[in-house]
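In the two complexes that follow, subunit A is the common piece, with subunit B as its partner first and subunit C second.
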Partner chain A sequence: MNILRLLQTVDRRVIYVLLMLSVTIPFFLPIRLPMKVSPATQAFYNAVEELKPGDFVLLSVDWEAGTRGENGPQTEAVVTHLMRKKCRFAMLSFQPQGPKISQLIVDRLAKEYGYRDGIDWVNWGYRVDAKNYLKGFVQDVPGVIKTTTKGEPVANLEVMKGIKTAKDINLIINVTPSNIYATYIQFVAGAKKIPMVVAPTSVIVPEVFNYLDSKQIVGMMPGLPGAGEYESLLGTNTKVTRFANSASFAHLLIIFFIILGNIAMVMERRQRAQSGGNA
Partner chain B sequence: MTELLVKNANVILLWVGAICTLGLYSVLYKENRLYRIFEHLFLGLATGYLVAQTWTDVLLPKWWKPMWDEGRWYFIFIGVFGSFYYFIFSQKHSWISRIIIGFFLGVASGQAFQAYANDYWPQIPSSFKPVIPHPETQITVAGKVTKIAELTTAGAINNLIFMVIVFCVMMYFFFSFEQKNPVIKNSAKLGRWMMMFTFGAIFGATIMARLALLIDRIDYLLNEFGTAAFGQGSGATTVFGILLVLMAIVLYLALKKDKESPDEGV
Partner chain C sequence: MFTPQTGGAWYGYIAGAIVASIVLIVILTQLPQRARKWVLFTVTFLGGLFYALEFFLPTHEMMIEGNKAEGNFLTPFVVPMANILPALSSFAVGLGVINLFQLHTKRVLKWNLDSINSVVFFVAMILMTVAHIMAKRPHPSEFVTSLQKILFDGALQSLDATMFSIIAFYITSAAYRAFRVRSLEATLLLATAIIVMLGQITIGQLLTSSLPDYLHIEVVRNWILTKVNAPATRAIAVGLGIGSLAVGLRIWLGLERGSYFEN
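Then we have the complex of A and B:
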């Protein structure tokens, strides 16, 4: 087998091993690649920064364990910012694992910032049928939410003081790997002119840009790189910075293999053409 | 025994997580029974969790309790009406399921109007962008003063590129007549190229997302699991050593098989 053929038929497991190494080794390297904040992340940050202490934020955590790698750091970054700004917030999810998995993050940060459940924040929990639910939600928030994950009536909670309709919400933050953000735009943010920001996974970033461009949302934290950028704005240095290093090395490896495979393919075609097209 | 389990619950959970992660990644070598076991385990857990959460967070507080504890007996009809869905499994009575399906089709169709208006209408005016640079200005329409932000030359070029792409992509989707005119034909061709760039960007973003998930798992194995299983200082290094051994085994088996049947590749 000649070298050109070999380069196009590298066993996929060899590539997997190299990819695994390119992701793992940066965890042990002391280097920190520079991070440039994108306008979309900056706009997201500004929207939270402009909130006043006591403002009420709806944090819709529509993600599950499968996308923890991206949505986890995004949730952590935005909750840290909300707690620093001393904003009240409520978590809601249309994914069954969302409330529990996000509560683990909030509980850890709440100890650091002295946030009290029911007073400074609340977990509304999991709900089904986003469209119908949000249609009712905009008219009567406590009446539709009814209870928290602990079974407490939300209307009696201190955190819910002054929150009657969706218009009383100062900002909607949606952390998601799906297009649930569009449902929020259709029935809550767009319908009631409530500012909204989205933290999507990288897969759906290209389609969310449309809504950012048309100002239907005021900011976006694009995937894991967005979480890294947000952390640099917050001045925190957690594991996301390490993640960014690993991602950069892995991207370089993938680009290298794409270029190598294509060069080999072009050269092999030329060889075939020169030898009369018999291959 | 129970006390021991409770005391070490966190460490046990981390061990289970690590074993499940490695079990699922074993598919990268080849399809195997271990992978299948963990795949089914995850599917079962996710489905069970969904059922439990739907009961505790939705049906219990919003249907069962009001009906049972608060005397709203008429909520029983919601249950009866909802159960119509299950008649889809009966060949003889499947017509009953069509009642509820039809009901929700009607609801969804009505909502689609509002959804469409709030989703797409604001995007139409935002697609019309100025292409001539200008300083910051104010205009007065019906007594209302509106400030228009400055448009730099770079911004104007950006807008022009945007407008050209919108035009070309729309041209591509004109199927009502044959695209013979060279302007229409070539702009449609350019539109197709632009869409290919977009699909490439989406594919690139997908790779980035998948890598983020891999990185998170590696972080879990090295730092969360490594620290709990092998201690704060050497945990990550020990797990890295184990991973290296596993990778070496995979490489050895892959290359050995490659020698035996050299035509099998990517």
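Then we have the complex of A and C:
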């Protein structure tokens, strides 16, 4: 087979193996690539930084294990920041796995920062039917939430002190791979003029930019790179940096193959045109 | 509006709700199609009308559940509605489970090589449901806690993450085969994709760090996303919004063909 044709039709199994290597090897290498903070991530960070100790934050963790690679580090970064700022927060999710996976992150960080369940933070758990649920939620938070994941009535918890309606929430943070953030904007953040920030997966970043541009949200942490940028602002260095290395090399591999295929295609075309011209 | 029940009353209310739901579903299925359509149309119309009127009618300051709020005479019913509607939505999940059970029972009864997948479905679903219910009871045993941990953290989460990760392999292979400079549009798409991808990663940022600020790859990527991509997606979103409004109105007013089990 012609070498130029071969470069255009590399077997997919070769690509799979190379991708696997480009993701795994950099993960174990002790390299730290420089990370520039985007304006969107900086705005997200500023929104949390402006909170005062004791302010109440709604952390909507609408993600599942499938997007843990991106949403996990995002949740970890923002929870770390909230705990450093000594803010109260409540987790809510419209995805079944969301509260449990996020609780694992919070439990780990709570030990480090001395956060107590029910006093400094609370897990409201999984709920269905976001649109109708949030319509009631804005009017009567404890009346609609009712109980925590442990079955305790939320109205009696110390963390809920002074929280009656959505207007008592100081910031909404939505970590999500879906467009649930639009429902929050529509029925909670927009309707009650509550500042909101979003941490989406990279794939929906272009959509979320619209809401950032229109100032309906005040900040965005775009995917895994955003989580890395946020960590560099926090001055922490955890797995995200290594994740970012893997993502960097995987992207480079994709770009390499795209360029390779195109160069081979253009050269083959030129070769054909020349041989056609000679004939 | 509704006071939470505890103890025996709670079980009584649950049993009552299940019996009432079954009776209602049986009555609905026994009704002639024309009458059923009118019942469903009336319920849908009133449901939509409630939210439309609550949103559009003038508001004034009022007390709701002891809290000062802005609203009209329908606003106090928004919270009870928010409590009722998720319960109705749960019926959709229940119907989905019934449907899955019917489908896989048929496959198991027709026994062939593929039936093993249906057996796995039954085992996984029953085991996961039982383990979760047992773990939610007060003072669960260590065995139940471990079982739930293995099933949820060990199996479900890992499988979910694996399934999603596999997409990366397909995307790489597809990008290699599809991104070819066959036309001007394809070339533009290719160039944009490469800039955005490079701007997304730290190595890309490193490569252009010695260039003037406005040529930094992350700056160019941000410009593409905010100044080129955002207006286009906004236009699509507005179109989708208007389309959704039209479809919503048609369903609300019973004009949509195929609504309410029509052929």
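The definition used in the following text is that the second predicted complex is superposed on the first by the 274 of 279 C-alpha atoms of A that agree within 3 Å, B and C clash if a C-alpha of one lies under 4 Å from a C-alpha of the other, contacts with A are read in each partner's own complex, and residues count from 1 in each chain.
Keep this in mind: a residue touches a chain if its C-beta (ideal position, glycine included) is under 8 Å from a C-beta of that chain, and two chains touch if they have at least 3 such contacts.
The structure displayed is predicted, hence computed values, not measured ones.
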item: Clash-or-fit label for the pair subunit B, subunit C on subunit A; value: clash
item: Contacts of A:215 with subunit B and subunit C, given as first, second, both or neither; value: first
item: Which of subunit B and subunit C A:251 touches, first, second, both or neither; value: both
item: Subunit B versus subunit C as contact partner of A:28, first or second or both or neither; value: first
item: Partner chain in contact with A:67 - subunit B first, subunit C second, else both or neither; value: both
item: Which of subunit B and subunit C A:170 touches, first, second, both or neither; value: neither
item: Contacts of A:262 with subunit B and subunit C, given as first, second, both or neither; value: second
item: First (subunit B), second (subunit C), both or neither touched by A:143; value: second
item: Contacts of A:135 with subunit B and subunit C, given as first, second, both or neither; value: both
item: First (subunit B), second (subunit C), both or neither touched by A:41; value: neither
item: Subunit C collision site on subunit B, chosen from 26-34, 98-106 or 152-160, when both complexes are overlaid on chain A; value: 98-106
item: Interface residues of subunit A shared between complexes with subunit B and subunit C; value: 10, 12, 15-16, 19, 23, 64, 66-69, 97, 127-128, 132, 135, 146, 202, 205-206, 210, 213, 223, 225, 247, 250-251, 254
item: Subunit A to subunit C touching residues, read off their complex; value: 10, 12, 15-16, 19, 23, 33-36, 38-39, 64-69, 97, 100-101, 104, 127-129, 132-137, 139-140, 143-144, 146, 164-165, 202, 205-207, 209-210, 213, 223, 225, 228, 244-245, 247-255, 257-262, 265-266
item: List of subunit A residues in touch with subunit B within their complex; value: 1, 8-17, 19-21, 23-24, 27-28, 64, 66-70, 72, 96-97, 99, 125-128, 131-132, 135, 146-147, 149, 151, 177, 182-183, 185-187, 190-191, 201-206, 210-211, 213-216, 223-225, 239, 242-243, 246-247, 250-251, 254
item: Subunit C - residues contacting subunit A, complex; value: 4, 51, 64-65, 67, 69, 71, 75, 78-83, 85-86, 89-90, 93, 152-153, 156-161, 163-165, 168-169, 171-173, 175-177, 179-181, 190, 193-194, 197-198, 200-206, 209, 216, 218, 222, 225-226, 229-230, 233-234, 237
item: In the complex with subunit A, residue positions of subunit B that touch it; value: 28-29, 46, 49-50, 53-54, 57-58, 61-62, 107-108, 111, 114-115, 118-119, 122-123, 126-127, 198, 201-202, 205-209, 211-219, 222-223, 236-237, 240, 243, 247, 250-251, 254-255, 258, 262, 264-266
